[in-house]
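Each of the two complexes below includes chain A, the first together with chain B, the second together with chain C.
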Partner chain A sequence: MQKITREVLIEKAASLLNEGVVSAVYGWKKGEFVYDVTPALFTTTEELEKEFVWGDFCGANFSKYLVASTRKIEGKILVFLKPCDTYSFNQLLTEHRFDREKVYAVGIPCEGMADVSKVKAAAGEGIIAIESTEEGLAVTTLYNDAPVVVPYAEALAERCINCKSKKHVAYDELIGEEGDVLESGRFDQVAELEAMTPDERFAFWQNELSKCIRCNACRDVCPACTCEKCVFNNPVSGAETKAPMGTFEEKMFHIIRAFHVAGRCTDCGECSRVCPQDIPLHLLNRKFIKDINTHYGEYQAGAEVGSRAPLVNYTTEDVEPCDVFERGDKNA
Partner chain B sequence: MRKCTAANLDKLFAAIAENAALYLPVDDEKGTAQYKKWAEGTVMSNALNTAKSPKDFFFPQSEDLMKFKTQGKTIELTDIRDEKEDFVVFGVRACDVRSFDILDRVFLVDPRDSYYASRREKGVIVSLACSKPTETCFCSAFGIDATNPAGDVTAWKTEEGFFFKANTEKGEKLMASLEGLTEECTEEAVEAQKAKTAAILEKLPLADLDTDKFGGGKTAELFNDPAWAELSRSCLGCGTCTFVCPTCQCYDIKDFNTGREVIRYRCWDSCMYSEFTRMAHGNNRNSQLERFRQRFMHKLVYYPENNEGIFGCVGCGRCLAKCPISMNIVKVMKTVGGKKDE
Partner chain C sequence: MQVNEKKPLIVAFCCNWCSYAGADLAGNNRLAYPADVKIIRVPCSCRVNPMFILRAFQRGADGVIICGCHPGDCHYTSGNYFTRRRMAMLFSMLDYLGIEKERTRVEWVSAAEGAKFAATMNDFAEKVAALGENKRLEDLRCKR
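Up next is the complex of A and B:
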């Protein structure tokens, strides 16, 4: 359950709109069934009052939308940022992907977002209403007479269980209380994968990646993937692919993508959230983050604007490639 | 009507699999249902539907069409289509069964697509009536009866077991081969289930979704509707909706040069992609608004215009469940062409 109410955010947005500080507001728009919230631009108080929502299903990260919308829209855009969103925001600024002057960022605290598939697993299919209560999500379905209460801990999205930070690293204004960087268990599963034999690990990834339908949702939602033309869409790149071709191509796609976002991925978790085939893509990225931390010292992409990522920086302390090779030899 | 008791189901699957490859929905390790080939010990999923639609059986995501080899001035052509064995797809829901009809109207008209046609000929569809539709289902909006799906054989699952009714010659042949494992029965249990499901279907949140605004001849009215801009604004252009959709049928034909020969293949494409149907003169849909509009206009206006009013959507709800931004055909239908009904 979120601590800040929808009304507080609407009031903030409406006053900034009315004062002329901003000309548009990125916010979450209500859907058909409570959980199917869509990212939208609001330009009037009436629209906000009618359709703006804030609650346990507002997972979408608006940072990437700023790349295109700051170029198109006159005036400033108000964007609401959860703590994890602020890391993407900073990373995009580091890469000069949008004009900071065109954005008014409001940080909002987040208690973690729910994953509707977990809610369905606990309460059953046929959801017609979900209410956020003190005890958890009270879910009414077509098949239950009384609402089933799903405790928040059971409904939390994977990325929120392992939330890395409740601290906002960028904002013009903060609503509510500031949180802290957290000790998360986000590398535990990576460690489990590392402990496997190469064959087991290969089988794990083959099983997961063979489900990929190459819809590109992971790439298109990713705030680190902002190339104007992705190599996979470019007919003259030599790497263009529209379909998974056997089991090799989809590995190519994912490994190329993971390398391309290495050191730039903030671990926002959007890729795994949107994958229609439930592939745990975050594990690939976290492996890179974990290795960077081990070999180059702790580094969190997006923690500050302008930081030089270890992989594009040279210091005499840098790890020798042969060390990495030896590790590879030992199955790591 | 024939009945197979729950205890005999594995034997029934084994008997089908003896003569043909049998595919049915199976839960993966995370509980997501996908079509898998049956083998001893395979447990059929209880899920309402599979994450990916069954269109792959007839229109695979990628398939090799032919091979070329050039030597001097001669060119050698080889047909390398993979000859499909006889197969049975078991447990297809009413919405997805209708999707085959929609694909047939594209691939089996002149010029007939022989790759698709041969798969259609080899495949037998055993459909399965729904008993627990979910909130994202809206098949009834398109006149599909989830309680009585089409297909070569229709199946109903109750606590007693499976009930079967053959609808086509192919279906009758399949049922004849299973005579020893099934018994003649009355329709009572099936009728009871149909009535129960029909009552649930009426209560679905999308039960009264209105299709009147759409259909052939509505292009002029809807094409420039101002609502498209807002609806498409946050669309990522990812194409997830088209790839999970049982009726999306666009493909690209491409050549892969192996160095020694050229393999010509086709693969699914999406009107949501910036490179879709790019031509020498450039691109005919340059903005995401135009691409987004195409997907929905095709399903709701252009397709029915060319196909006796039949809509190109079957209401399976996959795009509702899978779109990363939760934008979908229902939101389009409620918004385009008038105020969103409250």
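Up next is the complex of A and C:
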């Protein structure tokens, strides 16, 4: 359950709009269902009152939207940033993707977002209403008389279980208290996979990646994927279309996409959130982050503006490629 | 006569300034290395995009090796340092996805090391041959 309420955010946004500090507000808008909250740009207080929402399904990270909108909109844009969003925000600033002067960032606390697939698995399909209560999410479905209560711990999205930080690294104004960087076991799953034999790993990834329908949602939502011309739009890239499942395309797509964001990925987990097939894409990114931390020193993309990403940097004493496999696991 | 035994196909990306000259020297010195090693000359080892490697596997390569100048000797001062980081990351990722790690390699071969070039290729071809055909990164549409 989120600590702050929708009213607090609307009040803040409305006052900044009325004072003329900002000319537009990025917020979450009610979708078709209670759980498919959509990112939207609000320009009037009436719109805010009517459609702005804040709750356990407001996972969307607005950082990437600023790239396009700061160029189009005159005046400042108010953006609400959860702690993990601020890392993406900083990373985009590092890459000079938008003008900091055109953004008014308000940091808001986040208690972790719910994953609708998990909620559906626990409460069943046909969700018509979800209430946040003390015990958990009270889910009303078409087929149940009484609401089913799903505890927050069970509904928490994968990426939020291992939240890396409750600290805002960029903001103009902060609602709530400053949090801390957390010690999370976010590499535990990666380590588990690494400990498997190559055959098991291949089976795991073949199984996961063959679910991919190549909708490109992971690319479109990724705050690190801001190239205006993407390599995957190239008809001869070898990964532009959807081939029959279990073939080379998906592997190519996901390896290359993970590689392109390696060292710049802030581990916000948006890729996994939007994946309609629930592929654990964050495990690919976390593998790169883990490797970079191990071999090139601890690095958190977006922790500070202007830091140099590890893959555009080098030292003369770097590890040789043949040595990175030395992990003492059972790869024979 | 058709021989059924399939030989491994190896793609070697060689940098123009060191490894390609090294391959030349191996040839001049009449050092034998497998004919299935297909050399692609690149201006610098850091020209090799990870996509080149995956595409080589897609189109039927059984092993990919990248050869560049020794670290510190790059014609462009720092190209191979970037290669070293990129390839370390990429190969580690391929290993993570369960692709046999012996199929990929980075080797530093200078223009004077014809013997090392031949030895490296012989060794690599042998290792790849032992693994057999590349099944995990193949693209059936590219097979004839």
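Simple rule for what comes next: the second predicted complex is superposed on the first by the 306 of 332 C-alpha atoms of A that agree within 3 Å, B and C clash if a C-alpha of one lies under 4 Å from a C-alpha of the other, contacts with A are read in each partner's own complex, and residues count from 1 in each chain.
Just so we're on the same page, a contact is a pair of C-beta atoms (placed from the backbone, for glycine too) under 8 Å apart; a residue touches a chain by one contact, two chains touch by 3 or more.
As the structure is a prediction and not an experimental result, all values here were calculated from the model.
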{"item": "Partner chain in contact with A:251 - chain B first, chain C second, else both or neither", "value": "second"}
{"item": "First, second, both or neither for A:303, with chain B first and chain C second", "value": "neither"}
{"item": "Touching partner for A:314 - first (chain B), second (chain C), both, neither", "value": "second"}
{"item": "Which superposed partner A:194 touches (first chain B, second chain C, both, neither)", "value": "second"}
{"item": "First, second, both or neither for A:276, with chain B first and chain C second", "value": "first"}
{"item": "First, second, both or neither for A:284, with chain B first and chain C second", "value": "second"}
{"item": "Partner chain(s) touched by A:31 [first = chain B, second = chain C, both, neither]", "value": "first"}
{"item": "Chain B and chain C footprints on chain A, overlapping residues", "value": "243"}
{"item": "Sites on chain A touched by chain C in the complex", "value": "190, 193-194, 198-206, 231, 237-238, 243, 247-249, 251-252, 255-256, 258-259, 262, 284, 287-288, 291-292, 295-296, 310-316, 318-325, 331"}
{"item": "Chain C - residues contacting chain A, complex", "value": "50-51, 54-55, 57-58, 71-72, 78, 81-82, 84-101, 105-106, 136-141"}
{"item": "Chain A to chain B touching residues, read off their complex", "value": "31-33, 35-41, 60, 65, 121, 125-128, 142-143, 207, 211, 213-217, 219-221, 233, 235, 242-245, 270, 273-274, 276-278"}
{"item": "Residue ranges of chain B touching chain A (in the complex, touch as defined)", "value": "28-32, 34, 48, 51-52, 61-62, 132-136, 200, 203-206, 230, 233-234, 236-240, 242-244, 252, 254, 256, 265, 267-269, 273-275, 278, 320, 322, 324-328, 330-331"}
